[in-house]
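Some notes on the structure that comes next.
As written, the chain order gives the labels A, B, C and D, with residue 1 at the start of each chain.
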Amino acid sequence: MTTSAKRAPVRIGVVGLGRLGKRHAMNIAYRVPGAVLAAACSPVDEERTWAREALPEPRIYEEYEALLADRDIDAVWLVTPSSLHAEQIVAALRAGKHVFCEKPLSLDVAECERVLAVAREYPHLQATIGFMRRFDPSYVDAYEKMAAGAIGRPFMIRSQTTDKNDPEGFFVRFAPTSGGIFLDCTVHDIDVARWFFGNARATRVYATGTIALHEGLRECGDVDNGVAVVEFEGGRLAVFYASRTMAHGNDTHSEVIGTAGALAIGHYPRANRVDIYDADGIRNECTPTFFERFEEAFLREAQAFVESVRQRRQKAQVQAGGANLPHDDAQIGATLADALEATRIGRALREALASGQPIAL
Amino acid sequence: MTTSAKRAPVRIGVVGLGRLGKRHAMNIAYRVPGAVLAAACSPVDEERTWAREALPEPRIYEEYEALLADRDIDAVWLVTPSSLHAEQIVAALRAGKHVFCEKPLSLDVAECERVLAVAREYPHLQATIGFMRRFDPSYVDAYEKMAAGAIGRPFMIRSQTTDKNDPEGFFVRFAPTSGGIFLDCTVHDIDVARWFFGNARATRVYATGTIALHEGLRECGDVDNGVAVVEFEGGRLAVFYASRTMAHGNDTHSEVIGTAGALAIGHYPRANRVDIYDADGIRNECTPTFFERFEEAFLREAQAFVESVRQRRQKAQVQAGGANLPHDDAQIGATLADALEATRIGRALREALASGQPIAL
Amino acid sequence: MTTSAKRAPVRIGVVGLGRLGKRHAMNIAYRVPGAVLAAACSPVDEERTWAREALPEPRIYEEYEALLADRDIDAVWLVTPSSLHAEQIVAALRAGKHVFCEKPLSLDVAECERVLAVAREYPHLQATIGFMRRFDPSYVDAYEKMAAGAIGRPFMIRSQTTDKNDPEGFFVRFAPTSGGIFLDCTVHDIDVARWFFGNARATRVYATGTIALHEGLRECGDVDNGVAVVEFEGGRLAVFYASRTMAHGNDTHSEVIGTAGALAIGHYPRANRVDIYDADGIRNECTPTFFERFEEAFLREAQAFVESVRQRRQKAQVQAGGANLPHDDAQIGATLADALEATRIGRALREALASGQPIAL
Amino acid sequence: MTTSAKRAPVRIGVVGLGRLGKRHAMNIAYRVPGAVLAAACSPVDEERTWAREALPEPRIYEEYEALLADRDIDAVWLVTPSSLHAEQIVAALRAGKHVFCEKPLSLDVAECERVLAVAREYPHLQATIGFMRRFDPSYVDAYEKMAAGAIGRPFMIRSQTTDKNDPEGFFVRFAPTSGGIFLDCTVHDIDVARWFFGNARATRVYATGTIALHEGLRECGDVDNGVAVVEFEGGRLAVFYASRTMAHGNDTHSEVIGTAGALAIGHYPRANRVDIYDADGIRNECTPTFFERFEEAFLREAQAFVESVRQRRQKAQVQAGGANLPHDDAQIGATLADALEATRIGRALREALASGQPIAL
């Protein structure tokens, strides 16, 4: 960080200021060295008002196109509805902006592939999809231990994404466009498995599920609890679980099992370091949502993105000199290609759920 | 226990004195009120010698038939090779003995059904298959909490049976007759799921697996790590994991998830209450094998069997009087019918593993 | 256990059949190989009635002297009021009986010394005071790890004995004769410290305390929460905590800290292996009383006592032959000398509490 | 945070850029909304060079007096040797600067009192001593639960500060000026106890200790493991433990025990959410130093200080209007008076250690 702090800052425009967008904006504004929150864009009045008050002097845009036209913006940060991601990424790249986009890239495999094709035309631009677990300190620690051989050869992943039940069932209304539980939730676990398995290709998937509480999901073929099995090349396996109906909180955890040991990340989703002793026993409160669980990951993700953009610039400047720059490719999170593969597997799971049959990839 | 201790003891003959057989024999001999270890039977010289020295004055038999002919024996306790279970149970019943038999009843569904048919002729005889988790204090506590409504409606079970890797691969030599990992290991998890789901019928299963270390399993179509998904009527799901290759010990745990909470049994397989603080951090040693994990369960299983036989006698004596006896049917463990269903599901998993297709039941 | 099971049993008379006495009697009757529960003695009608029904054919005595006169009794097992222990032990030894006695030996140091003087006349008789933690599997495991050098040189013990609050304050009525919180509760922690510190001598003690809930203790100078610091020779320290007012259960734990690591025993007093997930978080129920926490320790204590008596007999029989018998001195629990030292330290703590000054020993 | 971000920033000069000073500087520079790292001061060349490279355009000073003369600096942030704290705070106040100072205020009670006397002349200036646990999210959560009545009436605190052993014994060289283990380490636990006990007055203290590894401490009367008991008015007790010799890491934890429950903070000092399963069992790595343990606390401490300064300004601006501003006095950390009391208790512990006698306060 020492030297980077002296370099020109990366000027970022955040697009979409819903609950998660606000968090990204605050991180970029106040906690990412080398970043300037230069602009904020939202079609929603309330969100623009918030931006004026909470953020440090950003230019405020109502339209995405106007923001893209702003020559002072180096990068866009998309926290918009999933259905807009693909076209907004393409537009950003064509406007010469680096781009960070919340997951998913797209729920449609062909659309993902079109975005990749465009991105290949702009190799000097950073394009990252927000699979934030790749920046969570515990996931990173486990990954590094695994990579250093601590558990022998890893051959199995178990991973889950489960949310505290929302009695109002917000996600039920969201279900017709969410892509279903596997594309909406399990996609994070899919990305974890691919990351830990070194981008191994998935070969076959199976899925099933049930509706525990939210009958409203039935009409769009979705479930509120889903189970998936994914086989990867090389005899590697992954088992995923996703739930919308947990009583205790957001309980995201993963395990990687190897021939000489295993690593578990987040086995008990305790909210903090407090133990409560009372007449009911000893208990821990749990992380209520993924915001609390991955607060640090969201921040590090933003820091890594900004650092990566600055290193790209530095490389560009010294390209003739052949200087030995630190290469940080392992640290910049999920690529568009990673996002494409996650969507491909997630769609196959959706198909397996609907058909009751395993799907070969 | 107060009154039962005065009643005539149950005279038991243990058959098979391998490692597990010796443990059963010691429990019956010294730790089960109301039981008398009256006889021990083994074709192995060393085992009979052990019985003479370690057990309190049992009659020693080399042949099972001779033990069955002993009029002083009330019950037989079978800890013999799986392939003998069915015929030995039938012979015991025909000889008028109550019978406890280690799992499995049989690896063959039709054979299981034949034993059930015979047993129906002897309704006054107790016949129990040794799914010992039904007697583990933690499993029982979780079951009772669930039954009392603590977690709402249970709709999902996750359960695993994993063993510390045996570098000598004893189980590889045993593989051709073990029935494979699902019939040998997962059968316990199947029984847990059926027990917690109130004997719900399984409707469809899927399975896959991999060989992490023991290539010798390949020729008999077995794996050393297997994953299974079982759907039960009423939208209930179970996910099972079995492994022969854990580094840290026997790690048997189960979770039951309901609409208002969840219960986990044995999440961390710590061996005891000791935490070790050293330069590597803080650690717990783990239960090395299922013996240590289920020591108490094996004992309570034996106590419950003996108590059940004594209550049957008492009922028989007072049958005319219509006395109000405590009925303990929920406490006597897995019936022959439970064992049949476990085998039926286990065989379907084996078929699913071989075919790569879900199997309807 | 193999060979011992063939030797003549130890015939035991249990004296005192209150709540703890009943447990000891049931263990001896049904779970200790080589023991026969030959007699039971109580001045209380209800307790003798219980003995007739629950125990296997014991002779029933109302008077201790009558039991001592019974030539068929090899050993007495005293679970009587503390004030009777010293004279009952002496009488047992003079009657030629081995003796197990619940703690404390006596609240009076001089009286402890008189019992030791008598016991020296009967070196062939086993005399054990019931500091059951010495038989708890977790304490034993930690002790063995420490003895094997796992934590370097141990120099500090922290240990606590805390009970779930009894709103009816039974112990308040018991306070005038209990000796106070340090002699009643902390005495177990004192014994743990002495055991782990290899019988090091205590040199100075300090204590303080408070009344959190039970004002009735004030008139006898007692507290319901007490803290003690004990210095041992060689620069070793112990810190103790005792409480009568815990909300969550019996929380007995100990730590031994060394120059290369530490060991904690019972840090979380979870009742079993069940985790409960609900809207309040994740919790464990706790061991409600010391009975549940030390159930296994009480049993192993009895087994060790019986085994020790049998080995003493065997030694006596082969004394001329010089046979190489296993010596089990480390396994037979707290001696009368250990109990004397525990009382000596406990009394000093009581004096420190009363005076507000450290007491040199 | 919304409105505060629009107000004029607080311009801070950090003084002292050792390991902890660098961390504070980076927090202020990049992670505290509303703060500007305006200046950095150090007599050490290397540290000033670091400041030039790592920090965003601060003015660099070699001498503290020069920084105080800088009219653009609103507040100073002292991370200097303890012996300088008192005079530097006084000089800052006299120069009209708000001041944050790392603990301790001073090792000398009279000197603490002199600083308080000066501070009383500048009531409009914020003066905070860095007891960062008051900002740790887990400590804050426990405090709030206690304050809300979750554990009834709190009557006992147990708290410890233990460091991973430094085989090179840096702190031994530091011992002659550190004030000894209680003033250097336990002072944090003292502050926790006073905070949780609502600033109750300590009435009597006792202490003892031992040298486990670092014999070099003996000549200055210090120990590497110390134990302290502090009695507070109202029958409240605290027990403290400090160690320099832990094998597993920095293990800082605290418990507050009440009449209806207890709260523990940091019982297991796990470094993150990773569990490691291998042939040694299941383990967690631990926080190596207080930096990792209290990283978030240091940040929130700085954020709270800055927010407090801004609110003071706002109050000053609206003083005539009587506007209803949020008052945040409970959130701005330890005052000079808190630091004085911590020193008073710490010195009494030192005296108790030296004399072997309890010390009345």
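Here is the rule we go by: contacts are C-beta pairs under 8 Å (C-beta built on N, C-alpha and C of every residue); 3 or more make two chains touch, one makes a residue touch a chain.
Values in this document were obtained by computation on a predicted structure and should not be read as measured data.
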item	value
Chain pair showing more contacts of the two, B-C and B-D	B-C
Listed chain pair A-C, A-D or A-B that repeats interface C-D [over half of contact pairs the same by residue number]	A-B
Centre distance in Å when chain B and chain D are each reduced to the mean of their C-alpha atoms	57
Centroid spacing, where centroids are CA-atom means, of chain A and chain B in whole angstrom	44
Chain centre separation (chain B, chain C; CA means) in Å	37
Residues of chain B touching at least two other chains	151, 246-248, 260-262, 267, 271, 276-279
For the chain B and chain D complex, residues of the former touching the latter	246-249, 251, 268-271, 276-286
For the chain B and chain A complex, residues of the former touching the latter	151-153, 155-156, 158, 204, 206, 208-213, 225, 227, 229, 231, 235-237, 239, 241, 243, 245-248, 257, 259-262, 267, 356-358
Footprint of chain A on chain D - complex, ascending	1-3, 5-6, 26, 29-33, 50, 53-56, 137-138, 141-142, 145, 150-151, 260-267, 271-279
